[in-house]
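First the structure, in the form of structure tokens, and then the observations on it.
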Amino acid sequence: MVTPLLEVADLACRRGGRRVFERLSFALGRGELLALVGRNGSGKTTLLRALALLVHPEAGTIGWQGVDVRAEPDAWRGRLAWLGHLEGLKADLTVAENLLAAERLRGAPQAEDRLDSALVAFDLSSLAARAVRTLSAGQRRRTALARVILAQAPLWLLDEPLNALDAPAQAAFRRALATHLASGGLAIAATHADLGLAGGRTLELGIPT
Amino acid sequence: MVTPLLEVADLACRRGGRRVFERLSFALGRGELLALVGRNGSGKTTLLRALALLVHPEAGTIGWQGVDVRAEPDAWRGRLAWLGHLEGLKADLTVAENLLAAERLRGAPQAEDRLDSALVAFDLSSLAARAVRTLSAGQRRRTALARVILAQAPLWLLDEPLNALDAPAQAAFRRALATHLASGGLAIAATHADLGLAGGRTLELGIPT
Amino acid sequence: MADLHFLANPARYRRFSQRVVPSLSIATALMLAVGLYLALIQSPPDYQQGDTVRIMFVHVPSAWIAMAGYGLLAALGASLLVWRHPLAALMARAAAPVGAGFCAVCLLTGSLWGRPMWGAYWVWDARLTSMLLLFFLYLGHIALNRAYDEPERGDRAAAILVLIGVINLPIIKFSVDWWNTLHQPASVARLGGPSIHPSILLPLLWMVATLFLLFVLLVLLRTDTEIDRRRLENAEPQA
Amino acid sequence: MSGFAALVARDLRLVWRRPGDVAVVLAFFVVATTLFPLGIGPEANVLARIAAGVLWCAALFAALLSLDRLFAADFEDGTLDLLLLAPWPLELAALAKCCAHWIVTGMPLAALAPILGVAFGLDPSVLLALSVTLLVGTPTLSLIGGLAAALTLGARKSGALLALLALPLCVPTLIFGAGAVEALATGGDFGAHLAVLAALALVALATMPWAIAAALRQAGE
Amino acid sequence: MSGFAALVARDLRLVWRRPGDVAVVLAFFVVATTLFPLGIGPEANVLARIAAGVLWCAALFAALLSLDRLFAADFEDGTLDLLLLAPWPLELAALAKCCAHWIVTGMPLAALAPILGVAFGLDPSVLLALSVTLLVGTPTLSLIGGLAAALTLGARKSGALLALLALPLCVPTLIFGAGAVEALATGGDFGAHLAVLAALALVALATMPWAIAAALRQAGE
């Protein structure tokens, strides 16, 4: 048993006056993957957003190495790589520009040298100079995934990462995720499909619809 | 062998100066389903948009009952039910308002009485009065699918209909599609997942990335 | 538009321009030399305006060419939308900045002339104002043309705009005339003035012809560049 | 035709859900016009002289301010596809959108203008005329602006571009709108100006829906 | 701090994608100011009188036209989440966005205004003053407008209402901006007006980033 890095205790969230979940607790250690499953509207996205401090939880704590993450929110955000339902890409910028701009926004100025390997991982090299506006749905999703790799963050928060990906891209994602976990990273992914990684844990969110 | 209603011959399309596909031909008869598969960027969305006359094809013809559909575009549009990558929902309107507005835009004023069954089909009854802004990703997708049923159109054009759906919703979609086909409807769906319907035909689009 | 039908194919256009451009350049250069001599040296200074009258030899042709240029854009836009002529789009892209340039020259020379004549660089005269609005229409066309990632879209959007613009141009001109006459009786020297003396008229007409040739030459050359550029952009990426 | 009504109704309902968007436009109109009396000082004759022009210019800007989202919102959430796929003429849909825009901007502006006119010391009889000219003239602005909005769909950075395209085309309406009010104040022929204004609106009504539909079709590609 | 620079750079790149895009803002400014003579009439003495008001009004309009999408675009495509997740203060991000906006609108406008002033028959000495007031005053417009843009993101009606309140906040800036130019032309105290303008800018600088950040956080919920 690995010692947990991330510890979530008794988390509760409301959206629009309705309680989405409560008394949610789990812990995650190095190299561990947590798959969030549950019906549409069961609160997977809400949980991810709460972990990223984008949604204010009603109750509960989120601890990293034993310290509440809200004590140092900026340091916490620096440890996250985020992929939401929306890709968060600027349609007018090219793929490469989008990736580099996102990295610089995270405060990491030297991303150029790492860019190539992130592009290669998702077979984006030939699209690097294309404006995102002209990409297909799956090509956009792959760009957003490349951004996640590029961030080199210990904790990945992914909302339906397999959406719109073709089979080779899904395989590429699995490889990237396995590498991340093997190097001691953590990942939490909401999904309706099978992530297809052995050894991952699963958290089923309850209250349906 | 059913006599084909929809006949596509030698279709070719370009996007942004690149040819996406050419010499594409297929025919579809009553009760038939065509699954479009292919890598990201292979032109599935482009083909669907060309069929809906949203993209101007470079060459080729689209015939319905032997007549080129571009001769009477309005009549042709009346035969289509569309689901794109984007849901096409107004965030500030409720689920019911969105569905009714879409139906009225199609020129069908009496949709209220059919609304309930469409909502029930995708388990949306309890969400009918919620603003779409407050829905989860899967709940939005289900609303867009309810719109497709409501349209009562002979030909469904669906772009990745299973995206973001949970297992019960995927089953609901399969039921709705089977009903549509059984009643003599046609459907063309781009997908990376398995549509899970026996007897459907598959068209693989070629040029990758 | 018969010429355009003939030239609708970029390759055929290319052969045509390669034949025409060299002789056209030489002709333009020669005519310009003669024109400058006529305008700057041979024609007499005006008894009222002195040597500043020589501004007219550039000013007036620029005004006419700018107006004709917008008409050309409209014709090109129509043939793009109706017949989908690929060359029309490229030529419109090439012609718009040239036309806008002549329009700017007219405005600049006019206001430089206005300073000595009226004591102000700019007055809100009807003709000045409608020329300024024409310049804005040009700017809108150019900006719209370049606002798209896919050049074909920019071409078609600009074509729709220019067709609406050309319907509006007479309406704008008419309303601006009306606007000025209502508000302001002629308090500054009206443009035009007394009928023009032949010693000025000849060089003026000569310069009109010369600058018109220059306009044509520039448009042809820029169309060539646009064809090259479009070919480069459309080149299928390898791999 | 029922599609037309449905589209107008849908757009009005959307505005109703977010009244702030319209309120901002009206607030801009008020702020822009009140700036002039504050800046110029209280000389009544100057103010009355420029009132019609200032109010018309501010109305023109206010109309444009709200226009850039006219089709952009539909474009971004995918509803434009549904419009393009509706089995009735896209020209009607274009007209319906402009119509809804006019109801939520042109009409309130016309209602608000006389109140602001008072601050400029306009005559009561002139106030009504001001309102009438705005009522007749703003549909043209909505239609021209609608074209500019449709043309800039899918283009980069469209706010200022849209205004650049629309403003020169709006000049005749502006001149005759402000001119009509002037004419009334100075004893000119108000009716003739109003007739031209109405003619301009008819020309716009007859041409713009086609141009807008063409622009929307190519944005959908 | 490097994140701040990166954000400014990204926004500038978005605007400078093609150099023409900034030119469009300027062209728009020119067109907008040109409309006032068309509405008001060509009399030189009246025009010189209202020049400062017209130019300031057009500047406000240019700022507003580009501002309402300042955060909305980031909100809709999901980049706002990335901003909220950046490991440095959101206040700085808000400031960076407003800063980028000012660089592409306020600065060019201030540079261009004197040239337009000539067309309105302004005195050369007044031209420089006009430019200075715009340079000092436009940051306030960018900041206040930024708050309005952030407030309208959320679905809450109170947000739209507050945005409505933000617009009148611009009024003092407009009054003192146009007033300063007036003062110089009529022999009033230009320095005092300018000092007030600068004070307004400082107040906005000290308060707005926090308000904007708060508004963005609640939009992200």
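Labels A, B, C, D and E are assigned to the chains in the order they are written; within every chain, residues are numbered from 1.
Keep in mind that, in the parts below, contacts are C-beta pairs under 8 Å (C-beta built on N, C-alpha and C of every residue); 3 or more make two chains touch, one makes a residue touch a chain.
All figures in this text were calculated on a predicted structure; none of them were measured in a lab.
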Hop distance check: chain A to chain C, minimum number of steps through touching chains? 1
Counting C-beta pairs in contact, which comes out ahead: B-C or C-E? C-E
Suppose chain centres are the mean of their C-alpha atoms. Which chain sits farthest from chain D? A
Mind checking the rotation angle between the two copies, chain D and chain E? C-alpha superposition, nearest 5 degrees is fine. 175
Farthest from chain C in C-alpha centre terms, which chain would that be? A
Provide the C-alpha centroid distance between chain A and chain B, rounded to the nearest whole angstrom. 30
With chain centres taken as the means of their Cα atoms, state the distance from chain A to chain E in Å. 37
Determine the centre-to-centre distance between chain B and chain E, using the mean Cα coordinates as centres, and give it in whole Å. 45
Using Cα averages as centroids, what's the distance between chain C and chain D in whole Å? 31
Interface hub residues of chain C, defined as touching at least two other chains: 133, 136, 139, 143, 147, 149-150, 176, 179, 182, 237
Going through chain A residue by residue, note those that touch at least 2 other chains and give them in order. 85, 92, 126, 133-134
By the touch definition above, chain D meets two or more other chains at residues 18, 76, 154, 156-157, 161, 164, 167-168, 171, 175, 182, 221
In the complex, chain B touches chain C at residues 16-19
What residues of chain B sit close enough to touch chain A in their complex? 15-16, 38-41, 45, 85, 123, 126-127, 134-139, 141-142, 159-160, 163-170, 192-193, 209
Interface residues, chain A side, partner chain C - complex: 92, 126, 131, 133-134
In the complex, go through chain D and note every residue touching chain E. 18-21, 23-24, 27-28, 31-32, 34-36, 38-41, 46, 49-50, 52-54, 56-58, 60-61, 64-65, 68, 76, 156-157, 159-161, 163-164, 167-168, 170-171, 174-175, 178, 182
So in the complex, the part of chain E that touches chain C is made up of which residues? 18, 20-21, 23-24, 27, 30-31, 34, 37-38, 41-44, 47, 118-119, 121
